[in-house]
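Let me begin by presenting the structure, written as structure tokens, before commenting on it.
Labels for the chains are A, B, C, D and E, by order of writing; each one numbers its residues from 1.
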Amino acid sequence: MLKLQSIEAGYGESMVIRNVNLEVRPGQIVCLMGRNGVGKSTLMKSIMGLIKPRSGHIHYMDNDITSSSPDRRAKSGIGYVPQGREIFPQLSVEENLMLGLEAAADRRKKLPETLFDTFPVLHQMLHRKGGDLSGGQQQQLAIARALVSGPKLLLLDEPMEGIQPSIVMEIEAIIETIKRNREIAVLLVEQSLEFATSIADYYYVLDRGTIAAEGKAEHLSEDLVRKHLTV
Amino acid sequence: MSLLLLQIFNGLSLSSILLLIAIGLAITFGLMNVMNMAHGEFIMIGAYMAYLVQKGFQTYLPASAFGWYFVVSLGVAFAVAFAIGWLLEVVLIRFMYGRPLDSLLATWGVSLALQQIARSIFGAPNVAVKAPQWLEGGWHVTADLILPYKRLFIIGLVALCIFIIYLYLYHSAGGRRMRAVMQNRQMASCLGISTRRVDAQSFAFGSAMAGIAGCALSLLGPIGPTIGTYYIVDAFMVVVLGGIGKLIGTVAGALGIGVFNTALEYTTSATLGKVLVFTLIIAFLQWKPMGLVTMRSRSLD
Amino acid sequence: KTETTTSTTTAPAASTTSGDTVPVGILHSLTGTMSISEVSVRDAELMAIDEINAAGGLLGKKIKPVIEDGASDWPTFAEKTKKLLQKDSVVTIFGCWTSASRKAVLPVVEQNKGLLWYPVQYEGVESSPNIFYIGATTNQQIIPAVTWLLQNKGKKFFLLGSDYVFPRTANKIIKEQLKADGGTLVAEEYTPLGHTDYNTIISKIKKEKPDVVFNTLNGDSNVAFFKQLKDAGISAKDLTTMSVSIAEEEVRGIGASVLDGHYTAWNYYQTTDTPENKKFVEAYKAKYGKDRVTDDPIEAGYTAVYLWAEAVKKAGSFDVEKVKAAAKGIEWNSPEGKVTIDGENQHIYKTARIGQIAADGQIKEIWNSGKALKPDPFLKTYPWGAEVTK
Amino acid sequence: MLGQLAKQQPTTDETILSVKGLEVNFDGFKALRNLDFSLKSGELRFLIGPNGAGKTTLLDVICGKVKPSQGHVFFKETIDLTKHQEHQIAQLGIGRKFQAPTVFSTLTVFENLALSMKQQRGLLSALWAKTTSEQRERLHLRLGMIGLQSKAKERAGSLSHGEKQWLEIGMLLMQEPDLLLLDEPAAGMTDSETEKTGELLHEIAENQTIIVVEHDMEFVRQFARTVTVLHEGTVLREGTMQDIQNDDKVAEVYLGRRVERGA
Amino acid sequence: MLFARQSKLKLTIYGIGLLLIALAPLFLSDFRLSLLGKFLAYAIIAIGIDLIWGYTGILSLGHGVYFGLGAYCMAMHLKLASTPNQLPDFMSWSGVKSLPWFWVPFHSATAAFLLALIVPMIVAFILGYFTFRNRIKGAFFSILSQALVIITVTLFVGQQGYTGGTNGLTNFSTFLGLNLQSQSTKLIFFYLTLAVVLVVLILSSLLVTSRLGNILTAIRDGENRVRFIGYNPVTYKVFIYCVSAGLAGLAGVLFVLQEGIISPAQMGIVPSIEMVLWVAIGGRSTIGGAVLGALLTNAAKTTFSEAYPAWWPIMMGAMFIIVVLLLPKGIVGTLAHYLPKWKRNSQPKMITSSQEVIET
């Protein structure tokens, strides 16, 4: 479904990601792990098209999307929850969510009813400005916004940051449902080992910009973790 | 009594003119954060379009059709300013988002160049535009109180523009896209919005509003290569006083400046009135540092 | 020392009189707000130079204009004057429009012993040995106009002007004259240059109901004022206005229909009936386009070049001092009629003319002073003149 | 006078912070309502609660960013913080780490730290004062502590999210405040980094007072002494982690155990 | 200490530049030299603008006022000195009968010089103190500074009897017994200006490398964050704004001494914006860039306007556009980018797209 071939990317003169090969199969949940600053978010941004890779190729559903723009990628079914929320602060919660529909393949105009079951607080705050929400509320909004378009591939960059435990569980439940239905593929950046191993099918560990380890999630061992994830 | 009414009308009329020159800027500066110093030159373009269309009517069409020239020129001014705005966005403004000060520098250059181009095409001296017959004269409310049709027309035109922009911005998907792009370009594109197109459209639209303003102002004021310089500062004042990024703020800003200016000018003199109005603007901002209509946000800066 | 060092870096052939050309400076605002008025004066001056060159030049040399842009900024005028005199070593300069630019240039021409020919009507009270004043001083334009108004239109005056030196000084003179000649002042209003909203002023005019609005607005403000006056339902029939800064060029920019019937005071109109003027208007239109018009400052710019040429011929030299000495009493048949340089104050004798703007954009002369008036920049011939100049 | 107060040594039974009847009103929405809260010197207090409970808002009031519509906040019993400006409060000895990391992006990592260092905050001293070698040593120590030695000369704007978090913590430490307000310090950190942060907190808590807002229950369980739960702008519960975990109401609105068990 | 921190390459370039300017009287004509002297005065304004804009992130579109106030103070003295025991000409033709009280101190050259620095600083202090205390920022401040320009210019034009109106003040002959027209006086002023530029350059460099410099940059990056580490941004902003105004006033003094004229047009909106453009073109956040920008931009303007008097605006316009498009960091910023040796020490702390100076 998604395939990165020897991707190199970075900011200005500094190269952050080097020779990364990564694959996400349809319906698969892939977890990307690594210490602070190893380049996880940078990799996510390259997949989304916010950073142009210096070299390498990105294939998505049999198309080479290496040089297509972020909006084209979004329209082709990639949903993105960036690190740091990136909601539109001056737009209302409702408008933020409506914007999530921009990329909907079926050109839907209405928000799905079920959305607010998971995020009741968003319903209460529908007419509040996005920027006025609390940190966790904004994070919920960002996730909800990515979900409404019905993406085929979901990129989640530390989605649980700042969210209260009960909602974290709800989101985990959603991801589990996704996993069960095998309709959406997910690439997840997550720091919590416990969560990662419990939910992912496959993992990649990023260290200093390159893939240091990969494998089936159940094989993610204490040793590996100590080697690449502790400071 | 009728003098008081007249003064109120004058204040309203000045407000409508200020608003007309500022709405385009409320979009390009207020929403897009481009410090467009060439805004005045788009006003100039609009005014020259009125002149050209009028000449065209006089040369090619029967005299009976002349009354229509102004309506046509509003359309032409919109279209031409829109096209030039689009062009400018594509070749220049595009590279300037998120760097308002660089946009100030570059559009200052554009403004210098456009003035010179106008001077070489139309000559340095002013050109005249003759108002159509149906805009001549005024509504005689009482013997002393005549409200010129031109001014009533401009008030109506502004109200219409504001209404349309309001509907578009706040009650359409296009407007929502536009505001989203202006607030967070990268994220908007990640949601599937073609930011390039929205950017170009928005800037072109803001410029086109300036074109409309120029066309309307040709009824009241001079038309020459440098007229943009007369309006540019006022336009920025209105947008800033109203509060950046809010259409309703721009309306309030224009009303505030227009009414106070007229009142102060009447009771003192034009010079002193001007000094007082600008002093009041400074004082007012001390009290409301973000303008009349504030957009608070929780973010730290 | 000045002279020697300046010429070291500049191309000598182009900038000295030793070759077969002689450089003269043309200094007007080609950009900025004043370019609206000044560009056509430059055109007239260049035309005169071309004509002289076509006729064989001066003292065997072709005149080579060095054009500079004063950019509507007075210190720039001063700087460019310095450049023309020091770097280009021009033998004389034609230029300026606003009094402010002239005041900025004045010390520079005096210090560098240069010469300036100034083509615009102005407020008087000045006489620099290094300037020739080819436009009208007050006794050749404003004072006759006020006299005519008092006799023909009424006593109650409303003074409206742009907020700067010329209108303020002009109005000071008018006020003294009104006092002396039995007029009354109902109000005096100034608006900043570039002001574009005259609604409030018009309300004041309506309230005061003057017989005459004496208008010393300059530049674009005139367009706004007259358009809005008409919109307010006030035509020339309802109110007499007398403008001293609206000439044919401005009429063209305001629109004749708006100005129909209003009065102006100048020394020359495109319609002025002299054989020289016919030739001048024809030549100007042939050179710059048939939709162009001539007017007083344009004619004065043109005349200035010829007066200088006459003086040079008489002096047999381009030397400033010799030209100045020779200029005394020179006469020339200009488009406005015969003009004479007054040796005392370097102004010229001019005929005052009052005109009425017609619907075709031309100005019809309805009164003139009958003879060329002797320039009196310091108003010595008026009993109340001392009040003004003190 | 301010400086003098700031220098007082914390003693364990002194109340360093007391919040009385606090109310914050955002255009009619009450983010805090009649909130009472107090803190002893030297405490390490965890503040938890649902998203939107008002935790960040409470910290905002304490450090002067938000002015309450009612109520008072007393620092060291006598100083009413609601009457001071942000920089005065900082000078009094209260430091803050924000929920979303905020650093000076065009200054280098080192400069960010140096600027936050405890020192005279006046104009003249900023012009003339030199960094002493003792201060430089301290800076390098902290730099090591937050793991950014290799990036000392880089612009803070080019750090990753997590690195900015660390830098901000470092800046807070350089400030040497008496009271530290930390809004989600462990967010976005790996498990081991989280652990390191926890240990750091314990270390600091020996002679400074700390309020930590955190959603990572693992972290809270491991390091919390006393926990305060906020809900809808008021204190819902206060006690040890044990107490809190067993509380039905807390579980319902925050932890979500009930939901899970029910499902 | 300052020099120790600069790279050799940078010092060499500065040295050569300084030498070239110092030797300019040997190879430039008097006219060109007087232009260079004027541009050097402008460079002082540019440094001041760089301090508040490049380093602190406050965009003032009203520095023409401070420049003008400084220039007027000096010009008032020159006017009085040039016609001793006489009312200045414009006063008599405007109907002012005796010297207004506020003109009296300007009989003294020292007082005039001091006032030329103090008056702009006082105005800047009043405006700055209230504005910064009330947390007016970004575009709001920029527009407010334009309002100051309009007020000042309108007053100066309107109060003809006291200020000379649009004409401004000109026609001076002597200063401290020196004949302003003589070539030697001009040479003295040229070197005086050069010396002042040098001193200002060094002092400013010291200022921005001190901790205060970092605080200013921190204010630019996140003013509110600065408060939370205990600095009061108001103090620092007011301070640097006053310094910047004082520098503009100083430049005004040197300008008037050399040019012999000041008019309200010089403090208007257009010159005020141009001042900012110098800094943008040279490279903001580098003191050298500000100086270079002032010299180059003005040299280009003069060259263009002499060569193509009617067409120079298009060339200037094109130049601004090209600089923004191709050299967004300005000339020095871009040079620094490509000269790694230089970069090590003087890479400008540029504003990136996510962190802008104008917040709205």
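Quick notes on this structure:
We adopt the following convention: a contact is a pair of C-beta atoms (placed from the backbone, for glycine too) under 8 Å apart; a residue touches a chain by one contact, two chains touch by 3 or more.
In this text, all values refer to a predicted model and were calculated from it rather than measured experimentally.
Each chain's centre was taken as the mean of its CA atoms, and the one lying most distant from chain B is D.
Of the two chain pairs considered here, D-E and B-E, the higher C-beta contact count falls to B-E. With centres taken as mean Cα positions, chain C sits 74 Å from chain A. Between the Cα centres of chain C and chain E there is a gap of 35 Å. Per-chain Cα centroids separate chain B from chain D by 48 Å. For chain E, residues touching at least two other chains, in rising order: 154, 157-158, 222, 224-225, 310, 313, 351, 354. Shared contact sites, meaning residues of chain A that touch two or more other chains, fall at 132.
Listed for chain B are residues 115-116, 119, 229, 245, 271, 274, 300-301, each touching two or more other chains. Residue ranges on chain B touching chain E, taken from their complex, read 29-30, 33, 35, 37, 92, 95-106, 108-113, 115-117, 119-120, 229, 233, 236-237, 240, 244-245, 271-272, 274-275, 278-279, 281-282, 285-287, 289-291, 300-301. Taken together, the chain E residues at the contact with chain C in this complex read 27-32, 34-35, 38, 90, 92-95, 154, 157-158, 160, 165-168, 170-172, 181, 183, 259-263, 265-266, 305-306, 309-310, 312-313.
On the chain C side of its complex with chain B, the touching residues are 30-33, 35-40, 163, 189-192, 194-197, 199-201, 203-204, 206-207, 220, 223-224, 227-228, 230-233, 249-250, 252-258.
Contact residues on chain D toward chain A in their complex (touch as defined above): 26, 29, 49-53, 55-57, 99-100, 147, 158-163, 165-166, 183-184, 187-194, 196, 215, 217, 253-256, 259-260. Interface residues of chain D facing chain E in the complex, by the touch rule stated above, are 63-65, 85-88, 90-91, 95-96, 102-107, 111, 114-116, 121-123, 125-129, 131, 155, 157, 171, 175.
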